[in-house]
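This structure is in structure tokens; I'll ask about it shortly.
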Amino acid sequence: MAIFSKGIVLAQHKEPAFSRPIVRFVSTHTDTRTIGQPPVENPDALEVEEIIDIARAAAIVDERDGKLLYRKLVRSRSRAVAVVCDAVDDEPYVSSKISPLLKFRQEVAGALALCQRVAGTDNAFVMVYKMTTGLETRIPRSLEGYRVVRLGGGYPAEPHAGRLNLGVGRKLIVGAGALIHLYRAVCARKYQSTVFLTVAGNGISTPMNLEVSIGMKVSQVLDRCGFVDEPARVVCGGSMTGCAVSDLERTCVHHTTRAILAFQEYERDFYYNCIGCGRCEQVCPAGLNPMYIHRFVENSFFASLARFDAHLCTGCGTCSYICPSRLDVSANVAIAKKYAIDHFIESDGEGDDLED
Amino acid sequence: MNLSTVRKYTKKHSVVAGLLLKNPVVVLGLDLPFVIATSTSLRNAAAMSIMLLCIHMFTLLAARFTAGRMHRWLRMLCHIFVSTIMMVLTRALVVRMFHQDILNSLGMYIYLMGVNGMTIYQALAVKRKTPLLQVLAAAFQNVLGFVLVMFLLSFVRELLGNGTLWGVVIPLPAVFPGLLIPFSGFISVGFLLAFGRFLNKRVTAFLITESARTDLRYAQLRGENRDD
Amino acid sequence: MKIKSQDAPHIRHQERTISLMTDVIITLLLLYVMAFYYYGVRVILLGALSVATCLAADVLCLLLRRSRPRLRDLSAVVTGLLLPLLMPASVPYLVVATAALFGIVVAKHPFGGVGHNVFNPAAAGICFAVICFGADVFFAYPPTQEKLPAFGAIESTIVNSPAFTLQLGGVPQLDLSDMALGNFVGPMGATNILVIFACLLFLVFRKTIRWEMPVAFFVTAALFAFLFPRADMPRTLSVCYELMSGMLFFGGVFLLGDPVTSPKRGWSKVAYGVVAGIVVMLFRRYGNLEEEFVFAILIMNATVWGFDMLGERLARLVRGKQFESVHGTKIHKKA
Amino acid sequence: MELFAQFFVTALTAVAVENAVFARALGINKTVLFMKSPKMGILYGAVLTWMGVLSSFLVAIVNVLLEGRTGIMYIRAPLFSICVAAVYIVTYLVAHKWKPKLFQIIKPALPVCTFNTALFGAFYISSTGSYHFLQTVGYTLGTGVGYTLALLVIYFARKRLAISPVPRSFRGLPILLLYIGLLSLAIYGLLGHGLPS
């Protein structure tokens, strides 16, 4: 999306969580379980099928899109032109991909080598988000011999991760956490029992990156980091796309949980209706017109929605962020997207979990 | 649910709502041009009402006899001629009743009454089997609706736009001559219809609350009786 | 612990609609200061009356619509401040009140209130006032630098405005620097060209109005005036007079640039500005009144929907091309 | 030459300034205010233009014959009706006989657009304004074109108003009338003084 990649510049509140060491906060009886086989001494001797079997047996889920890693490997075996380690943390407060990447460099490098063998290509690199605000830890140019590509641009940068001009063909894009777990599964025969997530927000006393066991309650994680004050909102996921948690006791950390944010102020006041300033149209990275989609949905006027291509929405939430009237534009656009996919679009099944 | 209160008020309600909401002018949009353009003074309203009365009644009378005897489009032509002839005659009548300058204030609309939509379409709708009196009664009701809207609008527009009522000067602090121009006819018809709907909504809500209240009263009575 | 649920995103931009409204209000107050310098205290009274009428009508309509009246909703204030600036300083108070009432009660609230009005309330009110009270009341401009009495009848000599001279086919003998400084007869707020230009820069810088539409509008109007001067004068002089006289500059910034009644996409805005420029100049040339700008604005407001839909169609074509270039396949449509 | 100039000026006047719908509120009823599709509006406008232009030939002749006679107002209306009725009959029969497919299309629009106040209004204006032949034809043509444009404008206005939260009392006809009223206010401003009627 060359001309439509407008994007918005957000204040990245990644510090201090980004520079602090990653704390392991795991429950022991899940952490110690392993796959039945003995560990291999040199991973380079493994066959491609063995790697895929290990990935399947260790039940590794790519936190990037919540898909099983071995499926992606099978899809892209000896077909991809490049292997990309995705550490693009473009949402504010979230650094749960980039900071493990910087801490476990050997794991990432080894897993990248494995993925290269599976994909049958020698083109592999790491992709990070070019952060404008100054970080205390500087991001190296290269990481264990792999080139580190910095992805610039405004907020919705992750959709463009697959769109670097590496020539036509498929790219195998795997999140950093999944790579680390893959290497652990190969070398130490461990299940993926943990995820990396960021706990931050102005409601948290000590923001940090944690490695948390899957299935742990949100309340436990929050207690580990401590509150400044009673938070008004607890968000499971990124600050732009995450969903607010209503019951902390019954919500658990799962594979794709990137962050747990606690905010004090309550941001929302419905005061105006849309005055048609057109800012949402200016910032929409997909080139849609969220204002008209919003109005059509508000007046339940679905028949004429076909011309707005609501199914191209990437759900980045930029329109709601920019809206001066604090309207829930993105929620209505999501409704319109669902309607459009049901009524106007016939979905093509194949190849949707690999970036073309 | 106890409907006695509803029955008590339904007649008034139907009068209030029916005249404004079941009106051929505002519901079927018939004769909107005349209502919009010529409802600028009570004289105009009276003249147009008289003309429409004569034209409409006589044309529907004719339609009652042409019904079923000839083809639809030929019927239409007959009605057109009848209404045009009636227009010419009633025009002379109106000029005799009012002063000559009614022609200037009405302009070409007085001629266009010969092809007004209400007469043409409702004459086509007349069936052969329907009794004559019923046809005439329906026609009279339609004309009544037109007269009502005409007089309401022209009252407001003449009073505020010209500061007079039936030519008599009413001392007002300010007049708005813009109200005598067709665009304010559009706007005032729109507001009149909206006001009618608003009134209808209020009356319906009042009826519902009233009947609910009477329900409550009856229930209490019954409860007391049970206690005895 | 009390947790409120809310849709994403959970952080919002700090800019608020009320800040957009306050930007416009600040610029309008600046114009009021200039008008006060030229015409005296009557200007302030006119503005206060207009704002009060607009607010009262707004609250009344909101009550009738069974919704909570919000006094901090500043859109009515903007309308009320706009109205007197387009009128001569000697205009009776009744005219201002009538225009305000018409704008709010007819042009704004029946169409759905703030943000949904098809026609600009201020423009509609001005149009109604012009038709109601006639050109001799509305276009009777007092000379500048004359302090008008606050109340009572105004017996001041009526001076022909340059717009009137141009409409008669004459050439206004005015110094251009005087015109730029606003020292010529005309609507009480619309003559301070330099101040309005500063306001335009401020609003564009604050992104309250986008730059495409005013630029396209003024360029088109200037080109039209350059190609077809109304009287025999140098073409550049014709451009200056046409742009500076009457309501054109003021309206091009504040009435045409009103975000509610203007297209949304960039290219729609450009096309809208171009067509608006042509229509305004044609109205000026062939209209029978001295200043036809507001009527042209009303007509253009009716076409915004068409411009937006055309812009959507164009954007859809571009999106299809993008989709093909990225995914190699067409966007699948149900038959 | 200046005859044709007058022709075009009269036509343009009838299209824009003295638009039948916006300036004189002629030819509107529920059928044309609530069109199903823009095609329908174009059909109605086309039929009205066709009937108008054809009958305006006869009407112009009638105007010439009646020029300066006394008692015009008694025989003018019947004569106009006869002219339009003659064109109506001819069109009906010809379409019915030779073009049955076309006839099926225009059948619903034919009576509505023939005996239409917009059409007769154009004739009366051309008669009272004592237009000559070309002016009469041009004015009728312009009226037809302006009527078509007005129907399209009204259709798209309804589309626009469908996505704004109009108060319930104003939904449908009232808000549409307000819309037309404001547009007609703008057009009246272009005219600037009273309408000839």
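Note that the chains take the letters A, B, C and D in the order they are written out, and that residue 1 is the start of every chain.
Convention: contacts are C-beta pairs under 8 Å (C-beta built on N, C-alpha and C of every residue); 3 or more make two chains touch, one makes a residue touch a chain.
Nothing here was measured: the structure is a model prediction, and the numbers come from that model.
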* Average the CA atoms of each chain to get its centre, and name the chain whose centre is farthest from that of chain B. => A
* To do: Provide the C-alpha centroid distance between chain B and chain C, rounded to the nearest whole angstrom.
  => 40
* Euclidean distance of C-alpha centroids - chain A vs chain B, Å -> 66
* Separation of chain A from chain D, taking each centre as the mean of its C-alpha atoms, in whole Å -> 63
* Using CA atom averages as chain centres, what separation in Å is found between chain B and chain D? -> 25
* Structure fact -> Where chain C touches two or more other chains at once, the residues are 106, 110, 113, 116, 128, 131
* To do: Hunt down the residues of chain B that sit against at least two other chains at once, touch-wise.
  => 181, 183, 187, 190, 194
* Asked: Which residues belonging to chain D are in contact with no fewer than two other chains?
  -> 159, 164-165, 167, 170, 174-175, 178, 182, 185, 188
* Asked: Graph of touching chains, which shape: line, ring, star, complete, other?
  -> other
* **Set of all touching chain pairs, with the criterion as stated earlier** => A-C, A-D, B-C, B-D, C-D
* Asked: Quick one: in the complex, what on chain C touches chain B?
  -> 94, 98, 106, 110, 128, 131-134
* Structure fact -> Listed in rising order, chain D residues that touch chain C in their complex are 153, 156-157, 159-161, 164-167, 170, 174-175, 178-179, 182-183, 185-193
* Across the complex, what residues on chain A touch chain C? -> 1-4, 10, 92, 163, 230-235, 237, 239-248, 261, 263, 266-268, 271-279, 281, 286-287, 289, 291-292, 307-309, 311-312, 317, 320-326, 328, 330-331, 343-348, 356
* Report the residues of chain B in contact with chain D in the complex, numbered from low to high. => 26, 28-30, 32-33, 36-37, 73, 76-77, 80-81, 84-85, 87-88, 91-92, 107-109, 111-112, 114-117, 120, 181-187, 189-191, 193-195, 197-198, 201
* Which residues of chain D touch chain A in the complex? -> 159, 162-165
